[in-house]
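Chain IDs A, B, C and D follow the sequence of writing; residue 1 opens each chain.
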Amino acid sequence: MKRLRVGILGATGLVGQRFIQLLDEHPQFEITALAASDRSEAKPFAEVCSWKLPTPIPERFRSLNVEPCRPLLDCDLVFSGMPSSIAGEIEEEFAKAGYPVISNSSNHRMDNDVPLLVPEINSSHLELIGVQKRSRKWERGFIVTNPNCTTVALVLALAPLADAFGLEAVSVVTMQALSGAGYPGVASLDAIDNVVPYIDGEEPKVETEPQKILGKFTNGLIEHADFRVSAQCHRVNVTDGHTEAVAVKLKKKATREALIEAMQQFRGEPQKLGLYSAPKRPVIVLGENNRPQPRLDRDLEGGMATVVGRVREDNILDFKFTLLGHNTIRGAAGAAILNAELLVAKALL
Amino acid sequence: MKRLRVGILGATGLVGQRFIQLLDEHPQFEITALAASDRSEAKPFAEVCSWKLPTPIPERFRSLNVEPCRPLLDCDLVFSGMPSSIAGEIEEEFAKAGYPVISNSSNHRMDNDVPLLVPEINSSHLELIGVQKRSRKWERGFIVTNPNCTTVALVLALAPLADAFGLEAVSVVTMQALSGAGYPGVASLDAIDNVVPYIDGEEPKVETEPQKILGKFTNGLIEHADFRVSAQCHRVNVTDGHTEAVAVKLKKKATREALIEAMQQFRGEPQKLGLYSAPKRPVIVLGENNRPQPRLDRDLEGGMATVVGRVREDNILDFKFTLLGHNTIRGAAGAAILNAELLVAKALL
Amino acid sequence: MKRLRVGILGATGLVGQRFIQLLDEHPQFEITALAASDRSEAKPFAEVCSWKLPTPIPERFRSLNVEPCRPLLDCDLVFSGMPSSIAGEIEEEFAKAGYPVISNSSNHRMDNDVPLLVPEINSSHLELIGVQKRSRKWERGFIVTNPNCTTVALVLALAPLADAFGLEAVSVVTMQALSGAGYPGVASLDAIDNVVPYIDGEEPKVETEPQKILGKFTNGLIEHADFRVSAQCHRVNVTDGHTEAVAVKLKKKATREALIEAMQQFRGEPQKLGLYSAPKRPVIVLGENNRPQPRLDRDLEGGMATVVGRVREDNILDFKFTLLGHNTIRGAAGAAILNAELLVAKALL
Amino acid sequence: MKRLRVGILGATGLVGQRFIQLLDEHPQFEITALAASDRSEAKPFAEVCSWKLPTPIPERFRSLNVEPCRPLLDCDLVFSGMPSSIAGEIEEEFAKAGYPVISNSSNHRMDNDVPLLVPEINSSHLELIGVQKRSRKWERGFIVTNPNCTTVALVLALAPLADAFGLEAVSVVTMQALSGAGYPGVASLDAIDNVVPYIDGEEPKVETEPQKILGKFTNGLIEHADFRVSAQCHRVNVTDGHTEAVAVKLKKKATREALIEAMQQFRGEPQKLGLYSAPKRPVIVLGENNRPQPRLDRDLEGGMATVVGRVREDNILDFKFTLLGHNTIRGAAGAAILNAELLVAKALL
């Protein structure tokens, strides 16, 4: 099979680096263009990128020139890992110029005609692509987004509960990794021996994205699901892996065992279609009482699963548990790549 | 004024070290005996203690012999910072032998006849001392306890809300410091680049102690307050200072401003009596949206206050906020010392 | 090819865990026995091991029983990752009972008749095995050791310099990872926001092992090389990867370029023989001025290489540079496995 | 005594914050002006400063306006904690305008006519002030500097050795704290689980400043001392406190005991004059084999001493030891303040 040629927007950032790492040996995609927002002229990737992953820059990208983030780029579609301060307009430009844009940025996530896609949960939302093209008068290009890093780990655990028992309210307190803020991101003096109880813009995203993701496509629109989410977000001294302390109120009675069973058995389109980056188990429930832990569990299923532990009854809402998701893999680049794989499988790319 | 002569049970542990540090220049107490549970024979403190505080061992205690934790000790009362695995019986022995025991250990906190004292909140519970002496047939000795480190920081913030608006439910997710586990305590490989979503025995304490503390002394008993607490406890990579993400459901309507005002204005007996270790402001509310932070705020008021930030409405319960307390000062040794100061002021020592 | 059946002594420790992880899919070895020093009776591995690696326990070992560290074990040879407090005698027992013992423990490293093997450097020292068997009257069994974790990373960089220029003196200041102390090992309160300038027993090892490793086998003995080593060892807040600041005095004049060239070109028996765990480049020299860094470079060549950076002239000795080695891979389990692979290639197993 | 009115240049940076903290209750100086390089217009300090010290901003400075770093400022002298990228010219401007400039910046340290002052060591270098005023034609103003943070901790330990035994060579490998890089400074992803073996511009300073400091004032010039220094500098995950592994070659024979004695007994002008910020013991030698440690020992003598441990013979040079200095107190603001106190005592202010 011929591989699709892809460009990376925001290639020098942490999410861009993950795109490059994860696509390095991908059977369906081949990186042919690297672009970064701060480039006015082309320079070799190894020279301009402050590479921060523990695996080295794949050899063939070291000398690939990083170009400005403007069409045209030499590729069939683009993955966007740009900061949201600039992603909005640039992504539209690319879509308008005919490129499918698979975006990790927050700018268009809540647009009425843009899918906020989690392939295990809402592949039906892909219908929005047609709506979007028509409304925006784009011929080939379109935008598909994945959720915020905290949201995606959360909704993977919520989806089976929503299916089986219905959701009424979700309380989530997060302990988020440093890599979520990019590079240089969080100053070391704010991280060491510390917790920062605030992440700019994070709580509103976590409180609104899940309802769109778990919503229904009806009459050309997504009808958002009707449960409430309350989020309290903290930055902790962890490189990768967001930990979330969750409590849920359900619509139907459930037992602890039924809850665990629902999460363990949860499978979606990526698992049925055998997509390349799909985790075998989107939600893993660990039995040990001191798990999940970021250092030990964030790389399960290649960083593409939500890892749950300590499921137990709650005396205010109904149940509580801890979950962990890899914020730059399933929470960013990996999510976008899985989205693209679904689009390929659905012949939308 | 003649200083009372005090002994420290568990003198070599982290809490014992805080007792020594905080009592070093105390106007009312003078350390005359050091005891540790693992001592079968007396040895100089500096030899047997793995001192872990950033201020050095006060010179005059370096050569003071550490004795076994058994009566008689050469002192008028004892502070206990022993591990709960052994504190229960030893504290009873000391009380029986005539020593007032001011304990930080969990063993007797929930005993019907033992005050679980937070001087700002429930000095009326000291009436239990008489009950206790009668029921246990102790003549001079008795036991007074302070709460768990997580609880005390929490109840200081809850008390003014309970007074002003009534409490119905409290949800708390904690990010607790390493020093809370003692020394050697948490292994470094469990702390670095990690969060551990479990602390043995912690959640049940946090879910039950607040109701006793905020309860009423009636007919020789404490009638526990009737709100529910749900706790999810995590260990994070911080030396000192427990951070807690709190949400509360109140009995009466309140505004954000009224909530903050109630916390800011909160004063109790220690403030009225001008006790030596009393924080001027037991609850400090910070206005910056990224505070409190352990590294920056744990030492406010000498580590004796609860520092609150990010007070805002919650869409599941009524309000949410973050709080921070110094776990080995107000959460342990400092709490016990304040208890002792109150006892002195009430002529109970 | 039929795989050799191996037993792991000290299977539940951090080094034992690395053995299990690295041997999981090894083409030449198959783990058939797990033993731990603290086991008086057999129990499933997953129950008794506090697994601390970021990849999960390989499924088939979860229920394998961990046995006491005593012969007989159901295997052809044993890898030993036992603590040195007990390894000495137990390893001799196993060798006496006919098992080749490939040991990471320090006990027998400096024995006159035991090879202290670094396959790239001194495969000729394997001649000692015959000497050893004769002198100890062991028929099939024998002991082969690998160096201390700090030493092995160091000597890989020194060997090419010794070859090309001769060594007169080596000064090394280390910044060592927490995993080097095992689990629980270093207390988190000693690691966070801290450096500990002492590691028990470490400096003498680093100051004496290199001379044996770089020595010559002559007349049934190793003639130690005659350079001096001075070591100052520190524990820093890093999970894996020892950083070493090195300065060397050479016997011949050299240029910076010649030094780098010698290290880059260095190859040994494992590379010639194409051993399974052999790094392609035993010494990697990075050109960036802020490398090597543990978080970014420790896993190069699967953790089997020494990574060097900042090679420059020194104004006291001749040259100085920084190096990094993965302390539980090339510094422990990986070193022992490479030793065993060499023994297989030399038909000594 | 009337207090001198001082201005702080670079008031919003980490060093500026230390100036404010340390001068808050100083008997001889009173802060009357705050200036920062990035201010084009005056704004209240609390609004523009990202305060990072664990004690709060002294109340009376919260609303003091921060002005641009240009003369005239309402004060008698200025302390400069500006970044070296801009300090050079601005300091000259202030000196020219008549202000004594007590600088922590590196720009003028090696100027022939500027004292690089460590009051315990080279108060005779103050003679340079006259030289400087004459050569630069400044009437009242002048510049006095203190060394780099790594240098000052080092020379305090070297000075007694130079006095007693003479110095031939000094090798130093540093493990430096994050606060040395200012704020935001080191990115958290470069600090966590990591060591960075490079600090821009640091090694040349450490290799040249000690010889000036330990030099002699002769004929209007400083004759630099003639020993060699070799430095290898690393950034480690520590908030405050630089650790240095030192080895020295001496001109005369010495014993370990004599070395320790020389350091312990070392006293200088600040101790004789009883200067306010002077440590009682400029060099403290600890006997425990695992000390000094930053978390435990950096605040000894209020952060104004060099703390030494593990003094022992070296088999390449003569002796080796570990030392620790507080990099933002004795290594920066505290050093400058002690310099100013000496100037007051010498009637030079």
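Simple rule for what comes next: contacts are C-beta pairs under 8 Å (C-beta built on N, C-alpha and C of every residue); 3 or more make two chains touch, one makes a residue touch a chain.
Fair warning: this is a prediction, and the values are worked out from it, not measured in the lab.
Interface comparison, A-B versus B-D: the higher number of contacting C-beta pairs is recorded for A-B.
Of all chains, the one whose Cα centroid sits at the greatest distance from that of chain A is D. Annotation: 40 Å between the Cα-based centres of chain B and chain D.
One simple way to say how far apart two chains are is to compare their mean CA positions; for chain B and chain C this gives 47 Å. Chain contacts: chain C has residues 52, 189-190, 192-193, 237-239, 295-296 touching two or more partner chains. Partner chain C is touched in their complex by these residues of chain A: 51-56, 192-193, 239, 295-300.
Contacts from chain C toward chain B in the complex involve residues 52, 178-179, 183-193, 237-239. Residues of chain B touching chain A in their complex: 169, 171, 173, 175, 189-190, 192-198, 207, 228-230, 232, 234, 236-239, 243, 245, 247, 249, 289-296, 309-310, 314-317, 320, 322.
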